[in-house]
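First chain written, first letter: the chains are A, B, C and D, and each begins at residue 1.
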Amino acid sequence: MIKVSVVGAKGRMGSHVVDAVNGAQDMELALTLDAGDDLHAITPENTDVVVEFTVPSVTLDNVLTLIGQGVDVVVGTTGWTEDRLEQVRQALAAAPRADQAVFIAPNFAISAVLADYFAKLAAPYFESAEVVELHHPNKVDAPSGTAIHTAQGIAAARQAAGLAPVPDNTETDGGSRGQVVDGIHVHAVRLRGLNAHEEVLMGNAGEQLTIRADSFDRISFMPGVLLAVRKLAEGSHAGLTVGLDRFLDL
Amino acid sequence: MIKVSVVGAKGRMGSHVVDAVNGAQDMELALTLDAGDDLHAITPENTDVVVEFTVPSVTLDNVLTLIGQGVDVVVGTTGWTEDRLEQVRQALAAAPRADQAVFIAPNFAISAVLADYFAKLAAPYFESAEVVELHHPNKVDAPSGTAIHTAQGIAAARQAAGLAPVPDNTETDGGSRGQVVDGIHVHAVRLRGLNAHEEVLMGNAGEQLTIRADSFDRISFMPGVLLAVRKLAEGSHAGLTVGLDRFLDL
Amino acid sequence: MIKVSVVGAKGRMGSHVVDAVNGAQDMELALTLDAGDDLHAITPENTDVVVEFTVPSVTLDNVLTLIGQGVDVVVGTTGWTEDRLEQVRQALAAAPRADQAVFIAPNFAISAVLADYFAKLAAPYFESAEVVELHHPNKVDAPSGTAIHTAQGIAAARQAAGLAPVPDNTETDGGSRGQVVDGIHVHAVRLRGLNAHEEVLMGNAGEQLTIRADSFDRISFMPGVLLAVRKLAEGSHAGLTVGLDRFLDL
Amino acid sequence: MIKVSVVGAKGRMGSHVVDAVNGAQDMELALTLDAGDDLHAITPENTDVVVEFTVPSVTLDNVLTLIGQGVDVVVGTTGWTEDRLEQVRQALAAAPRADQAVFIAPNFAISAVLADYFAKLAAPYFESAEVVELHHPNKVDAPSGTAIHTAQGIAAARQAAGLAPVPDNTETDGGSRGQVVDGIHVHAVRLRGLNAHEEVLMGNAGEQLTIRADSFDRISFMPGVLLAVRKLAEGSHAGLTVGLDRFLDL
């Protein structure tokens, strides 16, 4: 049985994690902590893996503290920059256990992770590519970080394959052609009733490939979270790992 | 048998019209004319209805000449402004026959005409609405005239129903939210392999309605052209009629 | 203020109705009843409109009792046959108030009601038409009642327009062409993650029209329920009305 | 310059191949043959690679003859069974050149090949999976060979990963649930206006992944044909290779 503690256990995501751990036959719930609780209560004696879903302003401190406690950490909070990741790597180099592991994923939805991965694989074979993301209207940023990441991956794969820029003879446009990310047009739709969705469109003469990921509910993140917990518990992923695609057998 | 002449018969659209008329059991092909040919060859003796598919720079003159010849005209050429339409109305008022008719349609694809019509009907019942159009990358304008027309129709229907503006909490955007037409966001995708496509998305809490029209080939305009020819030949549409939805039984 | 009572108030749908009535500025919640409660507590003094969301085995008795109490009723429970509807009509003919009204809808999701309505309007203009419905895998019947209703509507509209059967040269098929309802092929997809979705596909040479309704959550029924309550409260819909499209301005 | 001969040059596919070879800067068209022409005219002196697009009844004889002539062959004709493939392997073992190569692909559309490949990669990560294929109504078989192949690939990947059967509580069905291929439901839509399309749907609680390939026109096969010609001309693919995915860098 993998002993799992949850930090941010009363939050929107954390409460789903608590349910998911309770429902997993190979896991048992250890501690559940929230804002104000002392993370030093988490130790290798009571916990194998911690799942941390809090807010960007406190997640780095939380992770550094947990590394010091000698436990592995799965992090679902967003807002990680290269500078912050480097601090995690350094903390791991000085961690109590030699094989200690931290896993950080910007997106735990398997459909979204696969769509992003397939977009990169397919990109060299198509003359055209665009990205459309669709979200609920309460989202404050546009386009989504996931869509920007997908567009960057497509652009890099096209460049590596020596492709010319996407064809586009538009002469007059009042803004409908969207935001251009590394040469790839990205469009953001905001619609009541939606949650988080991404569609990648690629085209050649006479054909189109469409890859679409729909996340209707944050419960869709749970299989990815449990997968990450299991991978860290196996003990073969020492150090910092970023991105759920690293744990998929692709 | 309806006697149909075609002006612009060697053009991309006109050649399809010639084929379609030849294939229609209730029509016979009369004259086929092109640039340089004298339109005065078309008379009520040899022609019931003329189909005009040429270019914006000559279509007004063609239509005025044909009205003077005493024949009905179905016009598929684009570029019609209110001022030009008014000239057609005045010419019809002084036409040789009292019941003479001209029909002008910006789009003859029945799927596109219905999508536009359904969007207006549905608009009052949804909190959110956006339009995405997708075309081949050789198109020079973005968004398409059809998408602008659809967005305007949605906006007018929302206003008539007293709806609040569409919800949108976007605070930071680099251009991905598209062009705003009368309060409705419009997005334009350009992809090799595509022809002309429009998708209307509407949403309420917990539900979405999607209406999509795909025109894969200009042959899709022919049923609409033949329908218009038949409606004018019936003799009950004297004067100027604009828009194929006027001839659909909706 | 419209006084609304809810029968089946603790059920999955009823509890959403209670919330929706509480959130509507022009309504106030009157009585909330459930299995075991006496419906005779509902009277014209405390209630203008009753919303009944229970189960097929009790809904007819409930509606007949409520008609006898002299109140208008909006019914969301399914399982209504023509025989049952006739009993409601007869009860209304002998009701305490001359202008008493009952409204029954098999589907309150506006997107689904509009998709069904648009499918009928579009049907005469397309050579081909098929219906694909997609639901969660716990659904016990296939295809959905809504999909059958849509297919029947398309078939009737095609017949009224004198269309030939849909073209289909299939010679060998192991069952993939789906169920044929009045000549229209209907397909049912069952997928974890989905709720209730319907897609209507129509095609002519060179073009396609797609109408899709997605119901992600039963909260999507609430705007339709509130609309029906308001329509009955207006007092101009005496007798039995079936189908939400009757209350949409189409 | 790669010298390319075409067998079946006047056929629907062959004539596109002739155009594609003429348009490729690294290829030159050698011989173009059709029914009745003697394949012995093709020799290593005038031809590096032959593209064969004929009919199932003659393709095996054509390929065996061409192997005897000492040239490489790219085959686009369908109807290849394991028995036929084995005859090609044996002929290659006794071929004039030691490094002689034959490439056979059931589908040259890159979008379709990628969709099939991605479906296999994604299959282990989703509880549900179904396949919907959509074609023009003149197609005589249902479902398409491509859809059966995709369903088989999904089923094999699920079995290898130890997944349970797809969830499905359907109790009553009149045929709408489609054809079951190795446990995967496959649906076939036939619609005027369409050409060849496949959609793979996968779902987990709260999420969906959709992969769709649209072939609007057989011109979409040309990039795959030219890719195969180039791969054989490189000289590093001796023997028989089946499937375009073998030549994609995935």
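The rule is short, and it goes like this: a contact is a pair of C-beta atoms (placed from the backbone, for glycine too) under 8 Å apart; a residue touches a chain by one contact, two chains touch by 3 or more.
In UniProt terms the chains read A, B, C, D = 4-hydroxy-tetrahydrodipicolinate reductase.
Worth saying up front: this structure is predicted, and the values here are computed from it rather than measured.
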Set of chains whose contacts include both chain D and chain A: B, C
Interface sides of chain C and chain D: same vs different residues, half threshold: same
Far-end chain from chain C, centres as C-alpha averages: D
Listed pair (B-D, B-C or A-B) duplicating the A-D contact set, over half by residue number: B-C
Cα-centroid distance, chain B relative to chain C, in whole angstrom: 35
Rounded Å distance between chain A and chain C, as computed from the means of their C-alpha atoms: 40
CA centroid of chain C to CA centroid of chain D, Å: 45
Chain B, residues touching no fewer than two other chains: 126, 193, 202, 204-208, 214, 216, 220
Touching residues (chain side chain A, partner chain B) in the complex: 126-128, 130, 132-134, 137-143, 147, 166-180, 185-194, 201-208
Chain B-touching residues of chain C, taken from the complex the two chains share: 109-112, 114-115, 118, 121-122, 124-126, 202, 204-223, 248-250
Touch list for chain C against partner chain A, complex: 193, 195, 214, 216, 220
